[in-house]
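One chain, chain A, appears in both complexes that follow, with chain B as partner in the first and chain C in the second.
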Partner chain A sequence: MAETKVIERKPLSLSERTYLPQIVSGLKTTISHMFKPSVTLQYPEERPPIPKGYRGVPTLVKDPNGREKCVSCQLCEFVCPPRAIRITPGEIPEGSESEHVEKGPEEFEINMLRCIYCGLCQEVCPEEAIFLQDVFSLSGYSREELVNKKDKLYELGGTLPDSHFKWDKKKAAEEAALAGGHH
Partner chain B sequence: MSEKGQTDKVTVNIDGKDVDVPTGITMIEAAEIAGKEVPHYCYHPKLSISGNCRMCLVEMGMPMRDRATGEPVMDDDGKQKIGWMPKPAIACNSKVSPGLHIKTDTDLVKDCRNGIMEFLLVNHPLDCPICDQAGECRLQEFATDYGRGFSRFIEEKNVKPKRTVLGPRVILDDERCILCSRCIRFMDEVADDPVLGFTERGSYSTLTCFPGKNLDSNYSLNTVDICPVGALTSRDFRFKMRVWFLKSVKSICTESSAGANTEVWQREGKIYRITPRRNDAVNDTWMTDSGRALYKQVEAENRLVQPKVNGGSASATEAVSAASKILKESDKIAVVASTHSSVEEQHFLSKLVRGKKAKVHAVAHLGEEDGLLLSADRTPNTRGAFITGLISELPSADLSALGSQIDAGEVDTVLAVHEDLAAVGLSDEQIDKVKLIQIATVSTPSAEKAAVLIPSLTVFERSGSFVNQQFRLQKFHAVVPGPAGLLSDLQVFASLAALTAGGVSESVRLKDAWDSLSSEIEELQGLQFRTIPDEGLAVPPGNFANIPFPEKKSLKFDSREFVREAMGVSEAS
Partner chain C sequence: MELTSILLKIVFAVLMIVVVMTMAGYSVLIERKVSSWVQGRVGPNRTAPFLVNYIPFIGPLLVRMGIFQPMADGLKFLFKEEITPGHVNKTYYFLAPILALVPALTTMVVIPFGQYTDPSTGASNPLMLAPLDIGILFIFAVSSLGVYGIVLAGWSSNNKYSFLGAIRSSAQMISYELSLGLSVFPLFLWLNAPGVEGGLGLNAVVDYQQNFWFIFVQPLSALLFLVAIFAETNRLPFDMAESETDLVGGFHTEYGCFKFGIFFVAEYAHIVIGSALFTLLFLGGWHFLPGLSDPWPAGWIGAVLSTIWFLVKTVILIVFFVLIRWTLPRFRYDQVMKLGWTILLPLAIGNLILNAIIIALIDSQ
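Moving on, here comes the complex of A and B:
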């Protein structure tokens, strides 16, 4: 059996018994804040600044020419730990602007009830098509509403700058070859 | 015996370890036996050697002999010295010989692989995100295993046609082709339809069909399987699903009695493709294109999912008990058996047949033989029906015999298994005259007339075994779950057999079927479902070998030889 050790409580000193020093120090803090600038944010009218690298809601982005960057390689679907992503791959029809990309998502769903904002999808994407940007507040009246469909994902994602233009270069090379340039 | 055993094996030394391997095989195969992977592209075990990719380079050495005297040259320890070749050799094109030494993991070998990979990738597109091969691509795998990890190539890459339609089922991306020529050799040597070839030279080389030709052979999709990269892709599977999501299940092709071994790939209850599974005794590594399309029956538009009794919906168990009542009341029963049923199902059906003394009819589904993997009998299990005693004569061309029995009033109840009676020779009046119990997967006009309609499962939704034209017992496994609420044919037949015999219907599993099969059927004695090897098991054909089956010749089957052998064996024993 463990031994119980009784510790005597120290009796309060006189100043402690009056409570006055504590009240004064409390008032000091309160009053000092009255003269500092306000830190309250009038949410939702005011929004907090989002730091760089913030992991908000995952979104799909387009390149500056308006081409959807995702080619439905399904790597994000594979890597996503809670399996929030669902992709139906599809073929880009002949004759369309980005026919040379051949493949794009027919349907793309991210279930925000499952997403844990880990950012692995962004990390794994070989086409730099999926980004966790600055959207952080989500709400809906049903579970279905919180499954972001392709349209919603592009709406949230918008356009991000690109430094590769890999597919544009590819198209240019194909056209040059057709015109009898480099093989 | 021991003498023969000695000549059959040679000892070679692979990475310092002595291994006994069969004579006549190549170094690449010897290394595989020793558990060492030699990376390769153009080598394929079932095709001729072309030796063009150079990925399989290894160091090779032979025991040294003095050139003048032919005496072995010994080193200081008294062992024969090994003369290593100054340059690496390709492992796919040199046969093993006694005392051969191979090194597969030296710096020189690694350097060779690294160099070859770099050359292969020089003009290779950065296509993996949109390439169907990704995940099962040898180029990807070996690039991570042996490549340098970054590219030194800053010049412009070649541009080649990216979406050439070679045939009705195959699309070619020339940029991805590494010119291994496997597809060309396959079409020439196996499919016997040489339509592919290279044009141009060097890095301009392009795979094409010969002018005016089309890659439309019924074996064209095998080129997609053996293409080590994503140059050839299947139009059916193209862009449908990533292979790393797919799980495969071993199955058997039901297209014909050739019984090609297959793997069926599914994700979350949906089948995406069927590929061949290697079995050197049956199909090597090939299968037909038509057999690969069979998975579509699972989602057929006219698929039956609702059991019916007298036209009204019922549960599967209600339908079975209604059927058993009909069968009990009649003693003029005819069973239209199916050679699509598995051995287990046929066994329980034949119990029912014997119990009710029913007449058995079966319809032959014949087609033209192609000499490879499409045999004349377009059902997978005619032999099984003989072995289980369900039928004793070859299936007939149509059901006219049953028709006349119906007309003569000898039959008033028909249990039809997987046959559309109207399509195989019964007139509407004849069908109307009888009480019909129909078991089928798809809806047909005559099925809709059935007193009891029991929807059934496709081969992809049940497990069992078939006996192919070589009397080879091969098992298949359920790939996806069947439509909710349906009973397997096995269960239906077992229940019907028990109920009509006055018993109670119990749930049966494959194991129960095999307990009964192995004790009641001589040919299958001592077997259990789980003990049938994945590559199948030859069952003794006995007197069945004399039956004039329609098959003549396939890739691994010659009926004349088969009969001769079967007779020889039975005479000897």
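Moving on, here comes the complex of A and C:
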């Protein structure tokens, strides 16, 4: 068992009992704090630095060629724990720039009143089309306003760099196969 | 009295009310600014009436210092919805804020704030509204009436928190009033010692401090007076009346909008008057520095300069009030009572007796 050590309490000295030296040293601390630079961030004008990997509002992104990346596989819709995502898949018309992709979202809604910012949608997306980025303040006057529609999602998301260009490669391979007939 | 002199008095009175009210408003700003600096914040820095921001350099600077914030605060109090709770005793409920403000503003009548030296005769007169001979007694008598405002507010609110706050503050004020009075008596003993032409007027105290300040000669009195003033103005560490952690808002829990604004102004007016009083009694009033003769030229320029110097000292004291607020935690109620009755009061009495003996010894030689 641990030994109990009784600490002797010394009686206060006279100067301690007047409290005055303590008050003076306290005042010194207070005054020194007065001249320290303030830590205030002038919020709407200045913004805090957002760390990498921050999970802000989920957004849809485009690839560097400006094409929509989402292929409407609906994995995010299935994985989303609070069922915040609603996707209406649509076909991609023939002759369009991205016809090789077969499917795209006709309508894509994320209900920000439901979203819990878990980031599962970003994790599950096979196309790296949905990202939780740095938007952290969200407000609106009605419930409808807080359901982000497709155009809003793309506006928030913008374009992110892409290193795979998977569909481009696939297309090139297909074309090469048609032309050359390897494989 | 002829009409012009009466008119002049009225003009002076209005001027003084304007100045004291403005100072009360701006001590709120001082409080907010100093508090935020102490806490590493910037404080109010956004209020800008139209176009002020477009004045080059000075405009944004004023805005950043929050110079316009007190006006915004005042307007806010004016335009808020006037709510009267259903369970209050209406007459006294409305009377209380007035009763709190009036004594605070009345005491300033006898406070001298500068001196006017006649260029032709060289005689200097203090600037004050009413040159009463019993200045200090008048102040003690009137300022202790301020407690009625608080007691009435607490009682008429029909709310346990208000009531507790009021009871506490009245008990506290009564206990500290004794030490407050006794702590300054030694000054007036010296002022009226044999061979000195004194009186009880505040201008006499200031004149007496031409070459030395009382704070250096009577440090114990100064300390007791300062502590008692803190208690009288209900400032931290003695803000028993409000102590929002245990009493919601204290005596003004049920008050809102303009009525609360009046309480607020009264509180800060008390602080302004208290600081002014301390300056007059212990810091030499408008006299320049201890040991130096006043550099104020004769005539109105000198009068204005001396007034400004007096105000500078007062403002420094107000800042000190705020700094103490962020240095010391609030006392417990029993500690307040113990400090008042078993430490301050005996010390004040001892100090008084000691000074009386010294004066008697000097006199008998």
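Here is the rule we go by: the second predicted complex is superposed on the first by the 151 of 183 C-alpha atoms of A that agree within 3 Å, B and C clash if a C-alpha of one lies under 4 Å from a C-alpha of the other, contacts with A are read in each partner's own complex, and residues count from 1 in each chain.
Everything below uses one rule, namely that a contact is a pair of C-beta atoms (placed from the backbone, for glycine too) under 8 Å apart; a residue touches a chain by one contact, two chains touch by 3 or more.
As the structure is a prediction and not an experimental result, all values here were calculated from the model.
K.L.:
Name the contact category of A:122: first (chain B only), second (chain C only), both, or neither.
P.N.:
neither
K.L.:
Would you check which partner chain A:177 touches, where first means chain B only, second means chain C only, and both and neither mean what they say?
P.N.:
Touch partner of A:177: chain B, not chain C.
K.L.:
Using the superposition on chain A described above, determine whether A:75 touches chain B (first), chain C (second), both, or neither.
P.N.:
The first partner, chain B, only.
K.L.:
Now for A:36: first (chain B), second (chain C), both, or neither, which partner does it touch?
P.N.:
second
K.L.:
First (chain B), second (chain C), both or neither: which does A:27 touch?
P.N.:
second
K.L.:
Contact-wise, after the overlay, does A:111 reach chain B, chain C, both or neither (first, second, both, neither)?
P.N.:
In the superposition, A:111 touches no partner, neither chain B nor chain C.
K.L.:
Who does A:90 touch here: chain B (first), chain C (second), both, or neither?
P.N.:
First partner only, chain B.
K.L.:
Considering the complex alone, what residue numbers of chain A touch chain C?
P.N.:
Its residues touching chain C are 20, 23, 26-27, 29-31, 33-40, 42.
K.L.:
Which of the residues in chain A end up touching chain B in this complex?
P.N.:
My answer: residues 71-75, 77-78, 89-91, 100-103, 126-127, 166, 170, 173-174, 176-177, 182-183.
K.L.:
Going by the contact rule at the top, pick out the chain B residues touching chain A in the complex.
P.N.:
125-126, 128-130, 134, 156-160, 162-163, 204, 238-242, 244-245
K.L.:
Under the definition above, what is the set of chain C residues touching chain A in their complex?
P.N.:
34, 36-42, 223, 323-324, 326-328
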